[in-house]
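Structure first, then comments.
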Amino acid sequence: MTLEILDAHPSPSAHLDAIKAVVEAALDCVQCCTSCADACLAEDGEMDLAHCIRTDLDCADVCAATATVVVRQTQPSTDLVRAQVQACKAACETCAASCEEHAETHEHCRICAECCRTCADACDRLLAAL
Amino acid sequence: MTLEILDAHPSPSAHLDAIKAVVEAALDCVQCCTSCADACLAEDGEMDLAHCIRTDLDCADVCAATATVVVRQTQPSTDLVRAQVQACKAACETCAASCEEHAETHEHCRICAECCRTCADACDRLLAAL
Amino acid sequence: MTLEILDAHPSPSAHLDAIKAVVEAALDCVQCCTSCADACLAEDGEMDLAHCIRTDLDCADVCAATATVVVRQTQPSTDLVRAQVQACKAACETCAASCEEHAETHEHCRICAECCRTCADACDRLLAAL
Amino acid sequence: MTLEILDAHPSPSAHLDAIKAVVEAALDCVQCCTSCADACLAEDGEMDLAHCIRTDLDCADVCAATATVVVRQTQPSTDLVRAQVQACKAACETCAASCEEHAETHEHCRICAECCRTCADACDRLLAAL
């Protein structure tokens, strides 16, 4: 990820390392959650993956919005950044918990849960820094 | 907006009217905030619209994610819905406040602020119902 | 939809009516396709809705991007607008065809197919005007 | 980027390496173009960056939709994938050309142009494989 572009911003934030970690993890979650939902759709069998797909889709959408809000450095609103990062943490924890139930059966669920935990941790560290 | 599709869901939520209002208002905000940011870019003159553009872009992204999370009725996580709707309310209030500063000079800012206030109110009503 | 904000743009396009129709139809598709995918997930029974869900998700994503590209009036690239509107038409036609297979069984598929056909028609009219 | 999740899909595509390259490059473009638009907003001075910001915003939106469409492996529509990847290539080439005009003055424009060229190349290779 070409995160050094953030170092070229004319007025970067004080918490640039924590921000970069959220941006990277959130965009990785967009990809993992979209892929996991799609792989769940293609699975045969009786296991009910509807809840897993639903949490994947929510998590992908929330992470995409969080990445773009957090990447912006120009005159940010701390209240909005905090609220969106909290929503992102909630989305990632919900999705991780759902994917972990299928982690032993489906490798894509195991990988996706790991992506989501990484992003939830990055959100936590940014929330602590704000 | 073809919101009657939500009435065709096999397991609709208890708060369907409040949900429909958020979905409609949030997608209207995606359009208004994207258009206002773009119109601000095309304005001549010395007024600094950078803050207005930034809050427009955040609001469009957050409202888009909120609309899709809230539209989903299958096994929702109330914690995530609440957190995302709170972030949406924060985004709309931030953007409305910024656009209101230019509402007398720029008609697109006046309209966009109104869109955002409508969406913030819809978020409030859904938060009260959850 | 607060489409009069486009009339307040300092340098509006020549094809504003065709543009407004695409913006409105594409955002309606974001909502219909997201809702149809979610309703499909909640359906019991043996019918295979995986293809329908997949085309719904693609259509929602492509329509969202198309709406924001088309709403922007400031120094547009006609090549990009044309390519994105063509992709939108392809997404809507693919999704409509898939939903139409289930339209008699699932009301949400019937409504979603109608949304997608409306958007494909709006794309056609804008492509003819460009 | 956790692209090995695509290897865990129950029915992966024939062109998985070309697909992975587009997904990675497109999500990198979402981040670069969002960051470049935001950095342009914060720049002082007389240079007109409106066109650069506009192409950045389009490119971020189109790349985000392309990444999720391309990541999905379940029963894809080749027509839609091709149309969306062509739109992505157009968005990246438009944005790269605009950013290259400012590459000597603004490091974020130089980095963003490079991101966009990488993504346009990945799109070309996937189009050749389809």
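All chains are identified by letter, namely A, B, C and D, in their written order; residue positions are counted from 1 within each chain.
In this text, contacts are C-beta pairs under 8 Å (C-beta built on N, C-alpha and C of every residue); 3 or more make two chains touch, one makes a residue touch a chain.
All values reported here derive from a predicted model rather than from experimental measurement.
S.K.: Using the stated contact rule, I'd like to know whether B-D or A-D comes out ahead in C-beta pair count.
M.R.: If we tally the C-beta pairs in contact for B-D and A-D, the bigger total goes to A-D.
S.K.: At what distance in angstrom does the C-alpha mean of subunit D lie from that of subunit A?
M.R.: 19
S.K.: Please compute the C-alpha centroid of subunit B, do the same for subunit D, then give the distance between them in whole Å.
M.R.: Chain centres of subunit B and subunit D, defined by C-alpha means, are spaced 26 Å apart.
S.K.: Touching two or more other chains, which residues of subunit C qualify?
M.R.: Residues 38, 41-42, 50, 54, 57, 64, 68, 72, 74-75 of subunit C each touch two or more of the other chains.
S.K.: Are the chains arranged, by touching, as a line, ring, star, complete graph, or other?
M.R.: complete
S.K.: So in the complex, which bits of subunit B are touching subunit C?
M.R.: Interface residues on the subunit B side: 1-6, 8-11, 23, 27-28, 30-32, 34-36, 38-39, 41-44, 60, 64, 67-68, 71-75, 106-108, 111-112, 114-115.
S.K.: List the residues on subunit C that touch subunit D in their complex, please.
M.R.: Against subunit D, the touching part of subunit C is residues 50-51, 54-55, 57-58, 61-62, 64-65, 68-69, 72, 74-77, 79-80, 83-84, 86-87, 89-91, 94.
S.K.: Mind listing the subunit C positions that touch subunit A in their complex?
M.R.: Residues in contact with subunit A: 37-38, 41-42, 50, 53-54, 57.
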